[in-house]
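Take a look at the structure set out below.
Chains: A, B and C, in written order; residue numbering restarts at 1 for each.
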Amino acid sequence: MIEKTELQAQIVRAAREVRETNPMAPSITNTVTINFVANAQIAVGGSAAMVYLPDEGEAMAAAGPALYINVGTLLPVYEETLPRTARALAATGKPWVLDPVAVGIGELRTKLLASFKEQKPAIIRGNASEVIALANLWGVAGDGGASQVRGVDSTQAVDEARDAAVALARYTGGAVAVSGVVDLVTDGETVAHSRGGSHFMAEITGSGCSLGGVCAVYAACAETPLAAALTAVNVYNLAGARAEAKVNAPGSFQVAFLDELYRATPEDIAANPFDLEEA
Amino acid sequence: MIEKTELQAQIVRAAREVRETNPMAPSITNTVTINFVANAQIAVGGSAAMVYLPDEGEAMAAAGPALYINVGTLLPVYEETLPRTARALAATGKPWVLDPVAVGIGELRTKLLASFKEQKPAIIRGNASEVIALANLWGVAGDGGASQVRGVDSTQAVDEARDAAVALARYTGGAVAVSGVVDLVTDGETVAHSRGGSHFMAEITGSGCSLGGVCAVYAACAETPLAAALTAVNVYNLAGARAEAKVNAPGSFQVAFLDELYRATPEDIAANPFDLEEA
Amino acid sequence: MIEKTELQAQIVRAAREVRETNPMAPSITNTVTINFVANAQIAVGGSAAMVYLPDEGEAMAAAGPALYINVGTLLPVYEETLPRTARALAATGKPWVLDPVAVGIGELRTKLLASFKEQKPAIIRGNASEVIALANLWGVAGDGGASQVRGVDSTQAVDEARDAAVALARYTGGAVAVSGVVDLVTDGETVAHSRGGSHFMAEITGSGCSLGGVCAVYAACAETPLAAALTAVNVYNLAGARAEAKVNAPGSFQVAFLDELYRATPEDIAANPFDLEEA
C-alpha cells in the first residue's frame, strides 16, 4: 500500500505538470454536460476536444495522451465510434477514463459497456450504483450485490460499492473512483476516501461527468491511475467546498465551482483531506 | 371552473411533493438548451435524465413518472425514437409534456408533431405562434388563425393564441401553457393568466425549453395537468422577477434565475400573481 | 483601402441595425458550445436557431438573412446537411460564416471543408492554424506554410496566418477573421488588427465558436463582410477586456463576458482599438 506522503507528492507533480504542459484530453461524451466537461478540463489546466465520428475517435486516440469516454447520451453512430476508439486506445496503451452513465438502460449501452471489459480503461468513474452494475456486468465481483441505477442518479451509498470498486480495479489494473458524499478511489490495493465537496454538486448537472473528464486530464500526466483519479477527486472536493463557502444556490455554485477549479494550486489539491486504507 | 384558492392549494402540494420526492422527469430535448433544462429541473427539486435512442426513450417512459419531449434540434434517429416513446407513454397513461418548437419547419418535424395528436400530451408548452400552428396542424381550432413562426421565436402575442390553446386543451383533456409577457395556462375550462417574469427571459436561450422540462417535473406530482403547468409557469414568473431585481444583464440573469428557482418555496409559488377566468 | 473613419461608421450602423431589427442568424454548429453561441448571438441583439437535418438547413437558409456553419462536432447526417445548406446559401447569395474547426481531422471533415471552396463563405473565422490549413486545403495560398492544428487549439500566432487569410479573402471576395492575442480581420485588401480581449477567452470553451455566430448576426446587417467581421471581433475584444476588469476566474468571466456583450453600444464597438494597413 502506498504511503500518504508519497501519494501527495504524486498529486503535486501531476497537477503541476498539467498546469505546465496543458495536455489535451479529448472526449466522447454526452450532450447534457459537454460544455461543463470542457470548461472543467480547461479550468484545471488541460485542453478539451470533443468528437462523435468513428475515424475522429481514432484520430483523437492517436493525438491525445489520454481520453474520456462517457456513455450518457448515446447516439446511433456510437455503435461504431466507441469500439473503434477503445480498440485504438488499447492498441497504444494510452490511459482512458470510462464513465458508465446509466449502465443497464438500453441495449446498445449494455453492449458497449460489456465490450469495454476487453479494453480495460485506466480509470472508471461512476456513482455507487453504476460501479456495482458495471462490476456485475463484467462478472468481476463475486458478491457484487444488487445495483439500483435510477436514470443517472445513484440510489446507493459509496461504501456499498467498495467491493465492486476494488474488484474492478484489480481486474483492469487501473483505478476506480466512486462519487458520493465521501468519495472512494481505489487501485485494488489501496482504498482512499476523499472528503470535502458540497451538497450543491448533486444539485447541478455535470459534477460527475466533468470529474471524469478531469480524471482524463490528470491521467495524461500522473504516474499512476490512482494518482490521476485522486488528484481529480481531491480538486473537486476542494473546489466544491470553497465554492459552497461563497454561495448559497446552484446557479451561482456552478460558476464559483469553475472559478475554484481554476484557482486550486497543486499543493492545495494534495492537502485536501483524504485517508488511505488497505483494500 | 376551479376556485383560485383550491388551485393555489394544489400548487403548494405539487411543489412540496416535488421537493420531498425528487421525481425523475426524463427528456428527449434539443442540444441547445439541454443543460439548462436539466439544471432547471434539478433546481425546482426534480431529477433529469436525457436520451436519444428508441429503446432508451421507452425505458425512460417506463422508469419516469412523467416525461418531456422537445423537438428543437431533431436528429435522424428521432424518427423512430419519438413515436416509440410517445406510444409507450400513451400505453401507460403517464403524463408527458410536448414542446412543439419551430413547428412548421422541415418534413420530419411536421410528421412527428402531427403524429402526436394521437398520443395526447398532458401538457403542451409553446409560444403563441407555436400553439396556433399546432392547433392548425391538428385541425382542432375552427378558427385558429394564421401562425407566424420565425425559427424558434414567436411573432405573435399570447392572447392571439387563446382560442388555439383552449381548443388544444379540450382536445387532449390536458393543459396548454402559452409563454409570453403574460403567460396563459388553460385546461379548456379555466384560463389562467400568470404575471411576473422578466424581459431577460426572452434575452437568453432556454427559458421556454426549460419551462417545459419543469412542467414535466411537476406533472409527476400534481393532481391535474393544469396545476402542474401553472406551478411551473408561476415559479418561472416568480424566479424571473426576483432575478431581474438583482441583476441587469443576461449572463448574470441566467445564473440568478437558476438560484431563484432553487429558492422558491411552495407558498411563494402559489402566491405568484395570477387570475382565472372561464375559457 | 477603406478609411478607418468610414469603417467605424459602418460598424456603428451594423451594430445599431442589429439592435433595432433583431435578425435571426441560424446555425449548424457543434454541441460543445451551442448554448454559448446562441446566448452570445442574442446578447448582441440577434436571434438564434439551431438545426441538424438537411431540409431544415435549407429552410434556415431560406428564412435567415445570414447563417453560421461550424464543423466542430460532426454528426453523420452532416454529410448531407452541410452541402445542401451551403448550396442553398450560394443559390440565394446570402452571407454565411464558416468556422473550420479542427480542419484536417477525419475524413468527413476534410471532404466537407474542401467542398465549401465552391460556395465561398462570406466570412471565415478561425484560429491561425485553422486558417492556414484551410488555405492549404483549398490551394489558394502559394506559400501558405505548414499548419499545426492540435485538436481545436491553435499552436501558431495570428500573424503567421496573415498570408493565408489574405489569400482566402481574395479567393472568396469576403472577409477572414483570425483569432488570437491580437485579432486579424481582412478582406484581401485591408488588414485590420483589433486589440483588447482577455486571456480568459482562451481559458473557457466557446469564445471562437460564439464569435463565428456573432459574425453571422452582423453579416445580416453590415454593408460588407469586412465590416461584419470587424464589428464582431471588436465587440468581443471590448467585452473581453471589460469582463476581465471585473472578475479573476473563468467561470465568472463567462458570465461577465455575456453581460458585456449585451451592454456594448454601437459607438463603444466602433471605438474599440484597431488599426488598418494595406494587405
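By our rule, a contact is a pair of C-beta atoms (placed from the backbone, for glycine too) under 8 Å apart; a residue touches a chain by one contact, two chains touch by 3 or more.
From a predicted model like this one, the values you see are computed outputs, not experimental measurements.
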Practice problem: Would you mind reporting the rotation angle for the C-alpha fit of subunit A onto subunit C, rounded to the nearest 5 degrees? | Solution: 120
Practice problem: Would you kindly state whether over half or under half of the residue numbers at the subunit B/subunit C interface are used by both copies, giving same or different? | Solution: different
Quiz item: What whole-Å value do you get for the distance between subunit B and subunit C if each is reduced to the mean of its CA atoms?
Solution: 34
Self-check item: Touching two or more other chains - residue numbers and ranges from subunit A
Solution: 31, 35, 75-76, 254-255
Practice problem: State the interface residues of subunit C toward subunit A in the complex, per the touch definition above. | Solution: 30-33, 35-36, 72-76, 102, 105-109, 150-153, 203-206, 249-252, 254-255
Quiz item: Quick one: in the complex, what on subunit B touches subunit A?
Solution: 24, 26, 31, 34-35, 38-39, 42-43, 47-53, 55-56, 59-60, 63-64, 75-77, 254-260, 262-263
